[in-house]
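Here come two complexes built around chain A, the first alongside chain B, the second alongside chain C.
Moving on to the complex of A and B:
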């Protein structure tokens, strides 16, 4: 991997961030007057103007934009209109909950999805393969709000084994993590199976068999690393999504994450909060994709050097 | 007795019984820790900071008012109207049409240990906080109108003076926006900090707020009106109705808010649980945008009003758990309420005649409703659409995101609500009369003919004149039809039967000793 490759990817990531922030800034203002969403309908016009001036919404949009960008560069993301706290504080206090749920969901997804995909590829056209494919289709077809409610009905209402909602203990994490994890496991299993099938048919795998290498070594040492690129790609996307918050699962299980905050902030036109969320979400997605790009270069050095070749 | 009132009266009776026979001064260890699941915690706990209904359900017992309403007495005998009783003020005297003098209760403590004095009252209703040009909370003027700075007559005596004749100062003091705040903390910490960690005199003392998760309160044992009967109350945000119900059934929660009628069977299947209904002092209604050509003729608007079978909607969608009121008046108006007013009658034949007389030519009448805003809102508006189509109105339905979109050009009718939180005709000002009335923004830019002039006559202490004026105003509303009432807005809580608690009709949850007790099952 060379420096040009790294710089090109980083510049692209920065450009993406600027475009996303600008787009959201404009869209939030086009989608309706935040003041009218925040104040009661019967608020007198002069009072509305007082609030508009207080929150800096009386300036022309380009002035607001320049002010916003310069503030962001100083690390100031504005203030929540409703609760009066810095928007960054409102958003960042939700990150631990979102990260906990996201990583727990990812672990479930990897623990279920990877072995299932590998097993299906190894036992192609067997009952295991068909079971994994059925699981993948079913897992992706059941909406998370439905699956989540089913889990609550079973484990909270009927069996009374687990708390129905909230985030106080590890027991609270189990159902939402499984809901997110199994949904994503279906995707990972499908990609892993397809990628492994492709690699297993390569000549070097036949050579490994001919050399008498044990199965575990053939899978972990040869097949999986070579099948890794599409799997890493999809995991990168999943990580980005999970860290941006899982709106529906957070709502069903009353998990205090960023996803729910996003919905309430958008509905209330909490401009500063929405902008901060989108900025951080875009940053997460861009960072995850940048990491995946760099992993490509590490997993397959030809990718990094191809950029160098083109630039020459 | 109306059947929807029976459960509430039964609970009131049980609370009264339990309050007498169960030890009120039990130690903290004996008192239960309650968990209440709410659909939203809200974002602020300052009573005058345009409070939302969801927020009032959380901090309704953090603050006290100078005067309060006795909802128990009003429920038992609605003909009495609003029953005012002492709270932080022990007595009040009308000096004249503009002036009210109040004696404060002595020895009342705020949660931080400060004693309540006239200075706190003066600050609560000060120009600095509400009435001034650069007030912290200018939106609260919508509730209070215009008051001069509160006069501090002594440490425990204040005088409130309206800018003009104000016959409802007493009622305004019972409003949820009129909770008394601690001046020292408010001015030292600032409003932004205060609304996240409020200091009042109520039985709920703030402990902790984890945004989007929970707000915890503990019992304020120095509460002036008796020892709280709970040890702590934690409000948990659970946005999904099914999850709230599941949590109640599984025992995670003791009380839940915003239950929908389709969840009643699940709750009532458990012998330990019950639904707790209340009728809010708010009316669901339809705004009619008078400037829209399709409904600009008042005969068309009258036809729209009289072709809605409100009783059928209440029966089918609400299982008779709410009621149709006679025009824009509630029994809590007391002597101003006319029980014999016939209200809007369902008369499809007369509606057809009126449409014919108005020369209605099948012009589209667009109904708009905000998605997921009112419980059963979409279902009710679909039923109304069908009823209008049945009398020959070309009714089109549109579902929108917010009120700005709802009243964007093209709307003929929009579903909304109008509150009666003051238990007086002045409650209707924000909807129908005065320079800032919503009707001026919603289809009647010049106001409703004759209404504003008539409303000016309400500013008197002469009750007979106020009644005559108000009933004449209702005549105008019935004739002009800038809006038409549908039914009272109900709200359903659900909880354990072992908790003896009654919901209030004014959005606030009341966990004061007189309204919350427990059977031995909870202890």
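Moving on to the complex of A and C:
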């Protein structure tokens, strides 16, 4: 992988972030006058003007944009109305809970999705293949809140094996992690199957057979690295959504993470907090995709070396 | 009647062969390294079962080069794939594939893995796509050496460099670190050949090894194969649609048409005195062998469908000499005076 490729991708990620910040800024202005939303309707005009001046909203739009960008760059995302703490702090203290859940969910998704997809591709049109396809369709058709409630009904209400809500112990993690994990496993299994099928029919896989390489070596050392790009892409999207995508699951299982915070912050019109969450969610997505882009160059030497040309 | 004619020239035998105008010199099946015995392959397709290979019997002796020639779709690549059990699981295979006395069709999957790459190696048509694009070529060769010789990766890489030297890859040691996309087609094919040779196989199957390459590179690869064969004493099955390519390197040539061997003879005999009208057509249509003036000669018509069995000779619809007997009765391979075999009711020089 060459340096130019790395720099180009990093710059593109930064550009994406600037666009996101700008988009949030524009959306907030389009959504209406924040002062009017904040103050009671009968507020006298001079008080409104005072507030406007105080929050810098009387300045021209580009001045507001520059000051907004500069405060974001300084890490200042405004303060929460409810307890007066910086919004960033309110959000970041929830990150560990969401990250734990998201990571556990990802592990489940990979442990189930990858082997299922590989097995389905290797035994195309067999019972295993059909079972995996059915699982993938089913996994996508059942909404997560419904699946979560099913799990609660079975394991908490009927069997009384697992706690239904909260985050005190590892046992609390199990059901929400499986809810997120199995849904994502369905996606990963589908992409893995399709990508592996494509690779298994390639001439170099026949070469590997003709060379007498054992099956495990051929699958793990030859087929999977070639099938990796679409799989890594979809995993990148899943990781990018982990911070923001857990809203429903966290609500169902009363998991004290960012998803729950999003729901309460929206309900309480905590503009600064919501804005911070949107920014962090975008940051995660951009970072995950940057990582995926960099992984491409590592996974496939043909990507990112196009400027080198043929060495001979 | 077996199809085997020994090609090893013992001094006394040479004299005898000159004295007795090339009779069949006693078939010695034990000498054959590989013997295909009435091999048939049926492949299911959307339109029905394709009988891709029909009762093919061929043999290759140790150190010998057998050329297999025929137009696209005549079953020559299917024969190659069948030898190493590379056909899809749903292929129906009949007949025997005897290698060193063992039938490769009945051998265990572990047994065939030990033969693939180690005893019988294969070089494929499309070198650029036959190498793993995301793995360094050195590592790919080393993988194979590690599996078959149990060497460490370091030792296997050193072996890999040695074999790339052997196939005349320039700066072999540096090339180990290249990816296939960084190399030219000719270099990739050299690497494929180096990889095939890396475990010192007894038999090399080269399936259209030069088809995807430029003509100049083609000649280099062919002469390389010839040199390596003399140096290492291995047998080669060289498959091509190009009779010129086959004629350059092979001791013996088998001509395939519509899944069958229609003629088999020593190279010089086949080129000088082809018996089968299809072989004749192939030779006439090869611009490289005899200089032609005027338009290129072609064989009229196209290959018959391999769905279902033809009632008579498969070549009859395109044949100048065909009559109603050819449409009714399929001809069988039979020996001719020159120690060749031909499957034709009316071979060249045939008299009532």
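FYI, the second predicted complex is superposed on the first by the 267 of 312 C-alpha atoms of A that agree within 3 Å, B and C clash if a C-alpha of one lies under 4 Å from a C-alpha of the other, contacts with A are read in each partner's own complex, and residues count from 1 in each chain.
Criterion: a residue touches a chain if its C-beta (ideal position, glycine included) is under 8 Å from a C-beta of that chain, and two chains touch if they have at least 3 such contacts.
Model, not experiment: these values are computed from the prediction.
Trainee: On the A-aligned overlay, A:127 touches which partner chain: chain B = first, chain C = second, or both, or neither?
Mentor: In the superposed model, A:127 contacts neither chain B nor chain C.
Trainee: Touch check for A:160: first (chain B), second (chain C), both, or neither?
Mentor: Only chain B; A:160 stays clear of chain C.
Trainee: Looking at chain A, does chain B or chain C touch a larger number of its residues?
Mentor: B
Trainee: With both complexes overlaid on chain A, does A:204 touch chain B (first), chain C (second), both or neither?
Mentor: Touch status of A:204: second partner only.
Trainee: Tell me the contact category for A:30 with respect to chain B and chain C: first, second, both or neither.
Mentor: neither
Trainee: Just checking: does A:50 make contact with chain B only, chain C only, both, or neither of them? Give me first, second, both or neither.
Mentor: A:50: touches chain B, not chain C.
Trainee: Contact-wise, after the overlay, does A:251 reach chain B, chain C, both or neither (first, second, both, neither)?
Mentor: Once the two structures are laid over each other on A, A:251 reaches chain B alone.
Trainee: Contacts for A:73 in the overlay, against chain B (first) and chain C (second): which applies, first, second, both or neither?
Mentor: neither
Trainee: Looking at the overlay, what does A:225 touch: chain B (first), chain C (second), both, or neither?
Mentor: After superposition on chain A, A:225 lies in contact with chain C alone.
Trainee: Could you list, by residue number, the parts of chain B that touch chain A in their complex?
Mentor: On the chain B side, the touching residues are 37, 40, 43-44, 50, 134, 138-139, 141-142, 191-193, 195-196, 210-214, 236-240, 242-244, 246-247, 249-252, 401-405, 430-431, 435-438, 441.
Trainee: Quick one: which bits of chain A touch chain B in the complex? Just the residue numbers, please.
Mentor: By the definition above, chain A touches chain B via 32-33, 36-45, 47, 50-51, 80, 82-85, 90, 93-94, 97, 149, 152-153, 156-157, 160, 163-167, 251-254, 256-257, 260-261, 264, 267.
Trainee: Within their complex, state which residues of chain A touch chain C.
Mentor: 202-204, 206-214, 217, 221-222, 225-226, 299-302, 308, 310-312
Trainee: Which residues of chain C touch chain A once you look at their complex with the stated criterion?
Mentor: The contact residues of chain C facing chain A are 84, 86, 113-118, 121-122, 124, 126, 129-135, 143-144, 147-148, 178-179, 181-184, 187, 192, 195.
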